[in-house]
């Protein structure tokens, strides 16, 4: 099993979710995060002083899937999350040792 | 507005030696001014602010604030004069521009004219602020401000003069509009609808759900509107008397009835009543009773409120779901439809011949039929005038500076894009 | 309620030609009505809403709103009549059902009867809304609404009649209850306690901490309660006079003293005073001074407030920690105990023989002993009547439709389960 | 404060049989008391609370609450007497300590003295509460409370007596300070500045951005301040008359003008106007018009507001960015500078010889030059007295119990460190 | 060292924490997340329109532990988090390269 | 590629970010989490009852980097996040299979 982490722009969440559903991904976990990267932050104004806020709101998706799904998932995310502008985000993939569905105790591919 | 008092004041405020300031009435109108300001800030700002997405909350609060400030400055310069100074049947003159001749001692009816001017100013503020709901989450701040200022001058001031000034044409036809069914709610509702159409839909509407980001804020704002409306309708009696007290009682009843009706419909249709439905019904009940509030009784108010809840619920669904018009916060179906309904029903429930549903009766020489004729005329005139002028103004402003923010700004949110601020940072 | 005025009004509102509307008094009662409505919406709704967990916040706001609407409709139909129309010593008649005979010109004391009816309605609204705190986070909306409506009719209206109507039995015994120690606070407190017992504890109580989800909301609501209470107690003078002004001053003093007492206890016991403790002590001080507010002086108010803080603090701990009763938001230990304490202390500090702690004196023929007898009787009667009727009502409603949401709904939260809504969505 | 009325009351409240309570005036002052309390709780508390970081929000709300309670208790004990009882030119006597001789029937001008005392108490509450902004996010609660109590006694009461008591030296020189430019805003602003200097900067200032954690809260509080200010300035007429109405009108105008000026400067300088800038300019406009509000006209108010926005904007930047003084919430540049500016401009725009910018005219025997002399003297006296006494008090309190929380407590936040509470827990 | 990620129902947090403490787990990190899976979302009402909200509040636990603890931890979580109803959640396990305690610089098993 | 997870005290975020920037780290993802460990929670007061709140606010950083950067990054974080008091936090490192930049499709070291 593989775990895929995607950091994307918040307003792309719906599109990415649909793209993943289309290729058969049935579950994922979503976290609100803030990202720091090449994308410039915005300026905030505070009673006549300007501050640069570098940390921008992003959405992190965690998707566990069978190894043979990884390429398609990478593809689906890339297509649906891309705007072409700086800040589109990253995808990371790593190996899972074990996967368990709490409700049934099923493990591995059956668990996701 | 109480008709006789307005007549008196329009005729010659502060002139007749016989006129004296009444402390009780003045206390009440000053209080009412505070209550109506409270309706806009923070009331309406919170009601609207909670309904948008978190990334746009400050833009809405800011729009309400900016409209309040700009209208106030215009009011001093010439807006009060256009609305209330002697002029023609269509618009006031400039005799009171820069508050010329309005001193501490100037009397209007039984209150200082400054109190009257202050009270009326709070109405001139809330009306364009209501329109904000129509173009929320996508309009440029600069365009919004320019449009709102022009609209106050070219729509609000004339219609206000028609209906509430002693030489206004609708006033002299005997239109019953106690606290602003035409002047406030129809103008605001129609303007919001036109703005929604001219600006176009928000990105993603109607497929993406655009749920309220903070319903506790919306409910808080709704509650403040309810409380403040006591000053809105009660203060329109321009006195602390039985007329004011009855206006408040019927206002309260209609609010409760409107909320009840909307909640019951939801309960029947979806199995659950929602807080948002309840407070929306309440606002519908309040908007609808507004023109009628000084003329009807408790029984009439109950009926008016119930009808408001039912009709505005259906109008909201029809406009947004059927027609797909993105009047973001449903200003037209609630205020526009409510204002029309209320102005018409004022003509019905003012009658003193309806038994337990009777009101205070018609003016001498009026019957239900003749009164309804005036009411219909008032509605149509306000509606069509507002629609045309609003459309022209938006096209004009759009041509000069553009109406919408860029797509990028819209998706990142108006708060950072237009004001370099964020609503919340609860992380530290 | 000022005794003479109520007497006058109960006798013959609007009949005697001698009675005239006073503008100053009317302005003040209209203002007070707005202030007391403001106490419930948004005041109490926010005070309570902040104390529950985020998943239940809208359910609490919704309950306060729905109670306000339902009570208003009932008030028009017959509740006002049951409470205030001529009837017997136990309950009013139906002579004023549907506001029969209450016109714009009808006078009650020195104000329009519509103003009196509106002002009293705001009391009839806040009382069942206070009860919400007893069953918060677990009661079904439908059951809540049914119960609250019946309770208004069978508990609030009669007790109100006993104490404030000219032919009420406690009124005629001379019970001192200026603004609702018995009528409002004891009835609400006892009902909340009975509801907590009948419904049972929330899942996880008392092992799981159920901390406030938004203390800023609670503090905001508390502040609004404080401000609104000026209308609650000050308006109960039914005039803008020295009695009203003194009532407000002592109300304010008692609030401050109650807050101070509670904060000091926490400081001594836990090393730190908390914001929640401070505002809870403040509400205790306000609830406790309520019955006494028109009868006592500043010195008495200081003592009453301090005692309220100390007693209600200990009552809260005793009930919740020792007895393990899950009166969710501590309505009984704060309002019930405060109402009892205040009704009794009104009998003491009304005395004009206490030097710097004197009040306005007893009615003719009354002594401290005789007055205390009446006060004790009033407390016991209200308490036992409320307990019994509330219990029966809850059992009845429970049998018909069930009182609690399912365990699944309780754990996922009442907002989505009962209203298909969530309080906050700050993510976008 | 209206000069003649204060004179009358200072001379012999409640003594002369000729004095009678006026219902309209009383209604208005009771309402104003509620409005001014509303300014502090929840208004100012929210305005300030939103500006700090989430970890300190409750500490700010708690400080405002605690100051309200402590001042109230002191007011009863002897503070009212020090401020308003007959005494010398520098301080009142103890003749009214524990409200001796102040009964329900005692009259002050045309209102009950209890109403006057209550109204004034709300001023005594908000003044030290304003100071909180100077030392926010770092002061120990115990030290804060001790300091604030002593400051009320040694700064607020004397300055109040100088300016508003019939035997106060500035009062008798004819200082124009209608509602507290010197008494409220200069004292608070200077005290905040001194506190900021004595306590030192917050950890990380000025490199770490310390952005508002909840701008919706701040905007809400600002709106409440605006509404409440109608009572602050309007109530200072101590009557419901033309003076009160004009005071409210000019107050409203100046608020709008101040907001407009600040927003325009930001727009020009940074390309975008911010909500925080707008509401800060509004508060500057309100603070600045305060001393002038009973004396100037609409034209003067427009100028005063605009100047307030421009000057306070620059003062904020100069103090915080250039000098690096960490007056956390900018109390001095907004209230101190505004109070000074307003007190001076009152001397200008009171003139009846300025055409469209005229005010109500000077007292007999006064010219603009002589009046300006008095105004300058009043400003300097208040400023220097406040600075010295505040500095001494802080050094004293610091020596006895320490002023600041520990570094560890400061970084983890005052809410848990000082009150064992957190502002928000939206997770469940 | 192993890292164990459990996504559970929010109201189970206390129970799971206790179960883990019972077997000797001394630390963990908790994140509020939203989950998408087989569990149906709830309906939300908005002025007469119904929306389905698919993302449901969940709690994510991250627990680093020695390899020999993994089985017991899996067991403890499964037992304490299970309600038997859809939406109970998942457990994922992966390998850690390194573990460091910032305060002391200790590494590996000593660090958790 | 390696992924480094650091759980730190919230007020240390700025310092750690700067320390990482100094050694050339260009991106990271930040999550607000709550931590449970040896550090004692604080007491909360609720109308006269005291509760212990064990879960303390922490910040979680996720940083993907080239393997040869790991040592320097560990060092930078340890130095900048350390206060010497209990609760300073942990750092975990694990292996990444793949890394993709959504905007460009670049993979591996080029993607971070």
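The chains carry the letters A, B, C, D, E and F, assigned in the order they are written, with residues numbered from 1 in each.
The definition used in the following text is that a contact is a pair of C-beta atoms (placed from the backbone, for glycine too) under 8 Å apart; a residue touches a chain by one contact, two chains touch by 3 or more.
What you see is a predicted model; the values in this text were computed from it and never measured.
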Between A-D and A-B, the pair joined by more C-beta contacts: A-D
Interface sides of subunit B and subunit D: same vs different residues, half threshold: different
Centre-to-centre distance between subunit E and subunit B (centres being mean Cα positions), rounded to whole Å: 51
Subunit C-subunit D separation of Cα centroids, rounded to whole Å: 33
Two or more partner chains touched - positions in subunit F: 11, 31-32, 43-45, 50, 94-95
Residues of subunit C touching at least two other chains: 22-25, 27-28, 31, 211-212, 214, 240, 270, 272, 274, 276, 419-422, 424, 426-428
Of subunit F, residues touching subunit D in the complex: 11, 14, 42-45, 50
Residue ranges of subunit C in contact with subunit B within the complex: 21-31, 33-34, 37-38, 41-42, 45-46, 49, 57-58, 61-62, 65-66, 68-70, 72-73, 76, 98-100, 102-107, 111-112, 114-115, 117-118, 121, 141, 214, 217, 240, 418-428
Interface residues, subunit F side, partner subunit E - complex: 2, 5-8, 31-38, 54-55, 58, 60, 70, 74, 77-78, 81-95
Sites on subunit A touched by subunit D in the complex: 43-51, 53
List of subunit C residues in touch with subunit A within their complex: 427-428
